[in-house]
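Next come two complexes, and both contain subunit A; in the first it sits with subunit B, in the second with subunit C.
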Partner chain A sequence: MNSSLTRAALVEAPDDLDELIEFFHARRWSDGLPIVPPTRERVARMLSGTTKKPDDVIAKIAPGFGEATVERIAINAVMAGCRVDYLPLLIAASQAMSDPQFNLQGIQATTNPVAVWLLVNGPIAEQLGVNGGMNCLGQGTVANATLGRALRLIMQNIGGALPGDMDRATHGQPGKFSFCCAENEAQSPWEALHIERGFTREQSTVTVIAAAGTHNLNTHADNADELIKVIADTMAFPASNDYWIGGEPWLVLGPQHAAILAAGGLGKFDVKRRLWEESKLSAGRLCAKELSRTQSARGAALGTITSETMLTVAQKAEDIGIVVAGGPGTHTVYVASFGDARAVTKVIGLV
Partner chain B sequence: MTVVSNAFIGLGKAQARALGHAALPLAVIPHPFGSRSRDEVRALAEQCVAEIARLAAEK
Partner chain C sequence: MQVFDPTAPVAGATQNLRRTVGDLRGKVIGFIDNTKPNFNLLVDDLAVLLAERYGVKSVIKQVKRSVATPAAANVLDDLATQCDLVITGSGD
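Here is the complex of A and B:
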């Protein structure tokens, strides 16, 4: 994309930190938490994390379609508390979420509680310290906390999706503060997500996913058949966008659960196929209006849909996303999707 | 012009401003929209069509 003609404006702000934080809150430039002041010096230091020019336009961010220049991304990265070497990942993530198949317009402006989940693969995860192990979706890791936060600030400050204005979320969800982790590639019995999506083991990637929330599955199932059944049953709930649209739900399999499935002779695609088959939901469990809009959304693909129809959670088994992450324990996380969005993976460029 | 349900008026106005069309006429229909049956949508369309046509004809 061509360079923007403009650089970010300099704004005079209070020297006192408490006053400065309130200054940012008053202008709705924060997510409600205190920010790191994006001084000229800090932004310049952040920009040293890339060889790209500050006014290079990386993407236009819906719904306001503000230009995400490298400099503007860097400013939000500073505000979120990111380290300098995180910048290339945020540049790639900004590119990824502006891909039309991600449907950022819908994600930003919907009443649904959609967070953008950043999933990191490849060597950069270890280099940056992105946690894919214990508590990877929780607190306590700088990279996970600040990368997701920076992306949210980019979506809000560059994309213009302020809550209650262009962000029309009915409730939102805590993942809208930050939702970022790595895949636990070392403990996965299968190929990592980026390899599955056509990249090499040595490449580093970030995948953006439209996540409607996290639902924990604590199950002591100790064989593949039982585990598939429990997960599939949990995926099938009538108020899920995935069933009426034909979505792209995700599973964050704990390493113990992944090992059980692999020990049962299942490859990653076998798991997808089994889940797709066994998570079918009777359309009779939908309310009448849901059944009507399911007919509108999926009738062309499925033909006449009646209360007897068994609906799949996704259009194709391949559309079920599977990654392995987390630490020891009998847990897997189900991530229902926004439905009308598809994950996008981008290579994280060299600095 | 564009058609917007009343829950999304703010979004419609803000997005129109962001895209450089602050004066974009908005035809407002009741919310919710997505869960209505085809018959309900047809009835709504009949109620709104005159206003939509008027706004579309504005210069």
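Here is the complex of A and C:
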């Protein structure tokens, strides 16, 4: 066993695969699904996916603030079933989620059902086979399934957020097993998310987003005004962290919906501005305690909040996130946010 | 077979108080309101009790922007400068 705090320890485990899987479950080292054994050989192979040293500390992961070394990220990547070339993306994602503006400590320890959504942009999406098309938030793609799973294992094993202990989620959500997709850049009428956030088309990035869930918006609206109205109406519900905090909600526009909005002459920011204006919610729809919390959270920006106040879903229109993803169909996904978190984008180093 | 332990040692497992306060008489006590309903009312009552029963000099109350975010750095700096002891709100 290695005595260094930054190097992972080797432990004796059963040779039989079934027993080995139970060994991991018993120690709460898994997410409830069988894992790929992180043997010395498999971890060494995963580490060949980067030139970084195994004991390089990439981040400290809240709430336990365990050190996410390259080696520990690789171990959890092996367990999740990741391929070797996925490792740099997980290194970047670990860096991103430890940025203070992401508020990982709040995300990990809250009663809210917050999953960390990995959104991949740039050439690496195609190189790794990250799905941004049909069923991109569903099953069936190795990269989407295992990258999100690896990040969850990192959050649980390195960050120490075990369900029922430091992870205080009332229900959680299926996205806490894995929540990962690419943007469908080829079918977007607008600039991709990473370009909007200051990166170049040739750069590859991963964005971490504090996602409270996914809500299907199935609408056959066939013009921009109608579509904006339907989406905005759906965004406005009282038991939403976004309204009382002033959050950062996201829309995953299906390519058909994005095309309708673009054909209506709307750029991405126009869509944000229209949704921000048209999704206002009367504070009178909140319960008394929520109204009190809204006053604490947004009073400095909005002044005295009464039941007559019209609350915006985000502090400013730019805070509404928009990406285009998915396949054919009359669907868009609304991703309400944790509220107290801001997405962080990092470049994926290719070495 | 040998496999790697995927966990990391939890940081700060051993924590030591920077100093102890002992008697509360004449001390300045700070509270960080986590914005959960009624915390402010609880602190108002505690302030009276701390003054009457324990002779604290004063109570300073600060409020976080919302429950799931850390207190702002300037709030923490102010409390650290002014208080002998700070109590943070947690939960409902």
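Convention: the second predicted complex is superposed on the first by the 346 of 351 C-alpha atoms of A that agree within 3 Å, B and C clash if a C-alpha of one lies under 4 Å from a C-alpha of the other, contacts with A are read in each partner's own complex, and residues count from 1 in each chain.
Here, contacts are C-beta pairs under 8 Å (C-beta built on N, C-alpha and C of every residue); 3 or more make two chains touch, one makes a residue touch a chain.
Everything numeric here is computed off the predicted structure, so don't read it as measured data.
Undergrad: On subunit A, do subunit B and subunit C fit together or clash when superposed?
TA: Once both complexes are aligned on subunit A, subunit B and subunit C clash.
Undergrad: Pick one for A:E202: touches subunit B only (first), subunit C only (second), both, or neither.
TA: Neither partner.
Undergrad: On subunit A, which partner's contacts cover more residues, subunit B's or subunit C's?
TA: C
Undergrad: So in the superposed three-chain picture, is A:D340 touching just subunit B, just subunit C, both, or none of them (first/second/both/neither)?
TA: The answer is second: A:D340 touches subunit C but not subunit B.
Undergrad: With the two structures laid over each other on chain A, which partner does A:R40 touch: subunit B (first), subunit C (second), both, or neither?
TA: Only subunit C is touched by A:R40; subunit B is not.
Undergrad: Go through the superposed model and pick first if A:E308 touches only subunit B, second if only subunit C, both, or neither.
TA: The answer is neither, since A:E308 touches no partner chain.
Undergrad: Have a look at where A:E67 lands relative to subunit B and subunit C in the superposition and call it first, second, both or neither.
TA: second
Undergrad: Return first, second, both or neither, reflecting whether A:E12 touches subunit B, subunit C, both chains, or no partner chain.
TA: Second partner only, subunit C.
Undergrad: Which partner does A:D165 reach: the first (subunit B), the second (subunit C), both, or neither?
TA: In the superposition, A:D165 touches subunit B alone.
Undergrad: So which bits of subunit A does subunit B touch that subunit C touches too?
TA: 64-66, 160, 289, 292-293, 296
Undergrad: Within the complex, which stretch of subunit B touches subunit A?
TA: It is residues 7-8, 10-11, 14-15, 18-19, 34-38 of subunit B that touch subunit A.
Undergrad: Enumerate the contact residues on subunit C facing subunit A in the complex.
TA: 1-12, 35-37, 63-70
Undergrad: If you look only at subunit A, which of its residues touch subunit B in the complex?
TA: 63-66, 109, 111, 160, 164-166, 168, 289-290, 292-293, 296
Undergrad: Across the complex, what residues on subunit A touch subunit C?
TA: So the residues of subunit A touching subunit C come out as 5, 8-15, 20, 29, 37-40, 43, 60-61, 64-69, 71-72, 75-76, 79, 103, 105-106, 110, 112, 153, 157-158, 160, 245, 289, 292-293, 296-297, 300, 338-340.
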